[in-house]
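As written, the chains take the letters A, B, C and D, and residue 1 is the first residue of each chain.
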Amino acid sequence: MADYLTAPKTSCLKENYLSVRAVTQSYAAPLSDADATVQSMEDASPAKWHLAHTSWFFETFLLKPMLPGYEVFDERYNFLFNSYYEAVGKRHARPRRGMITRPALDEVLAYRVHVDEAMERLIDQVDPAGYEDLYYLGLNHEEQHQELFLTDILHLFAQNPIRPAYRNPSPMEVSRPSEPRLTWHRFDGGIVKLGHAGEGFAFDSEGPQHEALVRPFEIAGRAVTSGEWTAFIEDGGYRNPMLWLSDGWAIVNERAWNAPLYWEETDNGWSLMTLRGFQPVDPDAPVSHISFYEADAFASWAAAQWDGARLPSEQEWEVAAAEIPVEGNFAGSRRLRPKPQTDEGLTGLYGDVWEWTSSPFTPYPGFKPAGGAVGEYNGKFMSGQMVLRGGSCATSDGHVRRSYRNFFHPDKRWQFSGLRLARDL
Amino acid sequence: MADYLTAPKTSCLKENYLSVRAVTQSYAAPLSDADATVQSMEDASPAKWHLAHTSWFFETFLLKPMLPGYEVFDERYNFLFNSYYEAVGKRHARPRRGMITRPALDEVLAYRVHVDEAMERLIDQVDPAGYEDLYYLGLNHEEQHQELFLTDILHLFAQNPIRPAYRNPSPMEVSRPSEPRLTWHRFDGGIVKLGHAGEGFAFDSEGPQHEALVRPFEIAGRAVTSGEWTAFIEDGGYRNPMLWLSDGWAIVNERAWNAPLYWEETDNGWSLMTLRGFQPVDPDAPVSHISFYEADAFASWAAAQWDGARLPSEQEWEVAAAEIPVEGNFAGSRRLRPKPQTDEGLTGLYGDVWEWTSSPFTPYPGFKPAGGAVGEYNGKFMSGQMVLRGGSCATSDGHVRRSYRNFFHPDKRWQFSGLRLARDL
Amino acid sequence: MADYLTAPKTSCLKENYLSVRAVTQSYAAPLSDADATVQSMEDASPAKWHLAHTSWFFETFLLKPMLPGYEVFDERYNFLFNSYYEAVGKRHARPRRGMITRPALDEVLAYRVHVDEAMERLIDQVDPAGYEDLYYLGLNHEEQHQELFLTDILHLFAQNPIRPAYRNPSPMEVSRPSEPRLTWHRFDGGIVKLGHAGEGFAFDSEGPQHEALVRPFEIAGRAVTSGEWTAFIEDGGYRNPMLWLSDGWAIVNERAWNAPLYWEETDNGWSLMTLRGFQPVDPDAPVSHISFYEADAFASWAAAQWDGARLPSEQEWEVAAAEIPVEGNFAGSRRLRPKPQTDEGLTGLYGDVWEWTSSPFTPYPGFKPAGGAVGEYNGKFMSGQMVLRGGSCATSDGHVRRSYRNFFHPDKRWQFSGLRLARDL
Amino acid sequence: MADYLTAPKTSCLKENYLSVRAVTQSYAAPLSDADATVQSMEDASPAKWHLAHTSWFFETFLLKPMLPGYEVFDERYNFLFNSYYEAVGKRHARPRRGMITRPALDEVLAYRVHVDEAMERLIDQVDPAGYEDLYYLGLNHEEQHQELFLTDILHLFAQNPIRPAYRNPSPMEVSRPSEPRLTWHRFDGGIVKLGHAGEGFAFDSEGPQHEALVRPFEIAGRAVTSGEWTAFIEDGGYRNPMLWLSDGWAIVNERAWNAPLYWEETDNGWSLMTLRGFQPVDPDAPVSHISFYEADAFASWAAAQWDGARLPSEQEWEVAAAEIPVEGNFAGSRRLRPKPQTDEGLTGLYGDVWEWTSSPFTPYPGFKPAGGAVGEYNGKFMSGQMVLRGGSCATSDGHVRRSYRNFFHPDKRWQFSGLRLARDL
């Protein structure tokens, strides 16, 4: 992973910037103009919007205020590609993002080039001290949208009865070992330090670092698998109200859920829509595309199977992750990196799927929202959402860290979201 | 206009076919892949869908059953581009037509070429007697979709804050004469013959020809203008419940209507979104993009201005149109044909806007739905909709005839729909 | 039935008034305060509201303007019990009528007494010439609400799992003869006079009398029975889209209709909720509680059974009813009057159920809404509704006449609504 | 307050039972049958339902399984008055509770007598050891419903334009002293013991007792007043998105909130609907009927007024309440008990309004849902709701304790809910 998170120096700012931006661009390569334009549901945004909005961030918060002589690419983009920043002016209504057939994908890509060239000039000409924080925020913001880009495209393609593949299945794909035994790993707890501190970028919600009291617990060595999920389905998991939170049970019935999102029963068992098209469900892979409500219901069901199993809190997850190096802990699907050879220790923490925790997304003690428009960043979402930890196969490298707090409403399941079990000692 | 409506001969079938199809293709020329893919509301369809669905009609009802050796272009299209024909198999849900980013516009255009080549073979090789009716139905069906193509694109572009123009404003545009005086034209009524009979194509709902008793009436020489509509607005027309049908008043409030669709108040008065972009409202042009409810409320208001004015029935409209030649009765905006020099007589009957009548869309006496899948054609829509007569600036030439019955639900206003007043004698 | 429809004389005005009012009061007798207060759906009104609103009509349009010294019972009632008369001031929102737990039923009954006493004074003291029209309108308005009172109570009681009976089943109930043979009766049509004219009360929408051209037709001697409806159900009528209007098919699926309203399949076949509680379906009784969409679908299905059967138009119905005396044409269920001894001729025209026609509710030629607040009477509902003719077991005597036009939206089925078939000659 | 919470002895079980039940009955005294039947919104239940459901609890969980020879009052009540206990069988849908006009209020009161007599027999004849836990749960459950009874009646009466008063304003009402100065009270935090332990009843969610780490903080001596809230309104609090959580801002706009529930602007300033009718807002009284979103927005606004003010967590609230005796801490409005003479120290903790905390309602460490049907008690609601602490003017005495955790969704505001500020040290 790049140096810039720990040792930001002027000399590598440009390189870091270009490399993050290049990833986003590469994501757009398989898409047609139409693919990049359509919005498949209110939660999702068009790919074109992600491409433009991330550029708008640099234009609005860095280039316009700090680069002398910067010329705005198109005045209308401030309205079209502002997201939720109420302080920066009116914005196009979120559910109508898919109406913007123009500017076309090509124009939006040209906008990216325009912004990129200006960013290079900014770095050349202006002392980074004045914009460094926003620069890192912008890159991390872009990496967030990289993941959403992929999950939103998957959702769009899943709506199409012909089920297009975003990527071709690779013949080189690393074969996954057979399902590892479920192991449990003990942690003593006590007063622990949690949250981000010190060097490297982190979002506002990851701090301030603070102490918390954590009770002894143990946590599973791997995430729950699709095979285990199938057992839950076959045991009537989706039809037993005793397993569900009240709000969750209402949703299950209202939306007629009977399996994870994208799962479909075929003559040959369960298959699911993926970025590589429609594929049989791999029973040994971590289950994905489940909501918090489903994760919680599974944990209630699992309590009987594994003696009091439950979801971990985000504190427990962070404690468990404390001595696990990020590097060695990617799961099999992650960029085809080799899977760890051993099933001792915790695996897949930063791997295939985000892991739902039992923790609502709330401010850490002492949290203060930043001032100004950027201050709208995360604080305003601290209500009604649940924390997920780790990272998924779609998460950008720069987003994989122990203190990272992802969050979604408990009914959402178009992310690569799964779960790992824990229990009291 | 083509001979084929009155004298269908084998020798000109091919020419007629190709000329109608070419018009549709030409409508797609200004569109990007994204423009052609997005669905702006449930009532509208993507341009790509119109392009494919009209081809699917020929493939399904003519080529597959009748052309020996015909190879279907893509089996999946039967699911994707079937519309409401329940008898022909499952179909993609209407509100989800905009999710189909693939096949791309190019592929759909290739589908059209594939169908067109096969249709030429069909006409060369097979006796038309076996498919002539479906052939004409297919062409008329395509002409219907030509109009929807334009109204749907206008609706889509109107959702985009940057308001793209579908066509460039032409510097050559015929200048419209100043508002003609409102004249009234008397008709004696009596027992009259109405509905289509004899030669030439007509939709099932235009027949059978039948007698009706019509009372003496008079009808306005021209449609209601935007200037007159502005007076209605300024007189509080949208805020006075006494003018409105009960259902209409509920809609006005629910949707906060205060002007026709696409009208927007600017610092310089009213402007509106058109296929040529955002333009000032021309007070002398017929008002357009109004619902039946608005037409009816305007008529209630107009009753006081013009001594008992009201909407005409479709019978009255057809009687009034009886001796007016279609050719000479296009209004100013229609393909830039010169406007009639005189304001005596009825003008604009087949012109700028469809004209709402007071008649619900019901079957004529003796109407029987055709058998088979095509039998679903119009009969199933004979409930809850109102008849419009005439034609608009977007109507294809082949659709302009005295007996034509257009129909929409009374709250719809994305068509080029206006009104003409009548009154009792 | 009372003389007052044909020979209004001052001397009997009081008697007529009191007798209509007494019927309404008697309807309230079996109800508790709670029964009379709850609103079971937006279409329905609480019984208490019917009791008060009909009194408000007399207070507002007769007593306040015309009775010297009249004291309003409670100023707040004008807000609470105004219905749709926009001209008379603000009104309590229709869907919130069920929130009015106070005034209690007793107070509303006291309001009725207050109004009744004042009406007697009015008739004694003031020349009827000044209010006669409104007097008759008020009584007819009250009779309309008498029917709604019963249908709304039935709907309310049907929501209660314990299924209360509004009336006790009578041991004396006339036994119904076995299903009469279906006979067809011919009418020549021609130019006929339709609509109300001359003496006796009629609603504005029943006139003006006018001529219409009606083609030869025949009409069934009785309404469609529940037994015939069961055959329609068993033949898959509710699952076959080819039988349904497009709007109707959408409703059938959205609301999961598979039988008339109130029908429920039990171990012993179909039963239904009635004003006398939960009862087995009588196969020989006219089917009731069907929507226009269902009536139309049944007619499509019946076209194959009875050679072109269809719904009659309201003109045809009125022609057929022309020489049938109202008195002798009540069906078995109506006030236990003896059923006609013969099945020759048309039976049940004014009987058990209102009969859906194929006619949308539109103004007759020459119709002009009355001026003033009362002018809101029927004209504003002339959109999107279908005409029913005849009368039902719940219709007040004063409402049974040949020219009466009842109307409801095509999806409504909480009225006692059925159908009778017709066909072309 | 009764002994039974701390020293349950067989001899006083009966007395305790009867006294709690009598309170509920007394709440019904001012209501008519209609008042007790109508459901004013989906969140609320009819008074009759509260009266019956609390009795159903004793019948279902105590009498049926444990009292030999007990005869069920009415078999149908198990369906009608079950609430959310999925394990006990089907239940009447919550939003349709207001359709149950029968059984009438009288019958429901007779049901209560029937259950009460049987409960007396149970206590006389059966060893309490077998049902003691359920007995206390039942009484506490009933006390919960006592509060809901009042808040639901207030909501119902507030829908009625004539604004009935549930209780008459008392001339004896204790006059409230002028607004006390806002004082701040410091707490050191550290590792503290939280949650219920030991003797006396508590709901499952109040335990287990556990340790938590709390940072030093200070908390306001009294709740936020209506006068302070008016300042927030006047400063544009409801129109400034920067103050609001994202979900809250959406709600504010969707529901057009501009003041607490029941507040209405009159010519003489703000008034509000109360159980004693429509009254002027008292600026010195605690603000009530606010949602969590509003409390949170107010705290954001207050951060600038009072140097970092924010909502307290539920841990902080419990720490602050630790040394405050419940008895002396009722506020002025509570049963007219005298207000504490001093404004030193924390006042009103268990007083007029429930106080929103910043804590989502989640299980305490080690929480396990109880087995069986009663196990559905609180665990299934631990998602998407926020904790309120203290108690309100409508809270039953038995519900006032330091460990009590009330909870509601963050948009709800028909409870007597307010807030108290805190801040970091």
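Here is the rule we go by: a contact is a pair of C-beta atoms (placed from the backbone, for glycine too) under 8 Å apart; a residue touches a chain by one contact, two chains touch by 3 or more.
The structure displayed is predicted, hence computed values, not measured ones.
J.: Would you mind naming the chains that touch chain C and likewise touch chain D?
T.: Correct list: empty, since no chain touches both.
J.: Please report the smallest number of touch steps linking chain B to chain D.
T.: Minimal hop count between chain B and chain D: 2.
J.: Just give me the whole-number Å value for how far the CA centre of chain B lies from that of chain C.
T.: Centres of chain B and chain C (C-alpha means) sit 38 Å apart.
J.: Roughly how far is chain A from chain C, centre to centre by C-alpha average, rounded to an integer in Å?
T.: The separation of the two C-alpha centroids amounts to 60 Å.
J.: Whole-Å distance, chain A centre to chain B centre, using C-alpha means?
T.: 47
J.: Listing for chain B: what residues touch at least two other chains?
T.: Counting only residues that touch two or more other chains, chain B contributes none.
J.: Touch graph of the chains shown: is it line, ring, star, complete or other?
T.: If you draw each chain as a dot and join those that touch, you get a single closed ring.
J.: What residues of chain A sit close enough to touch chain B in their complex?
T.: Residue positions touching the partner: 32-38, 40, 76, 79-80, 92, 96, 98-105, 156-157, 159-162, 164.
J.: Enumerate the contact residues on chain D facing chain A in the complex.
T.: Per the touch definition, chain D meets chain A at residues 84, 86-87, 191, 210-213, 215, 241-242, 244-249, 292-293, 296, 358-360, 362-363, 365-366, 368, 376, 380-384, 410, 424.
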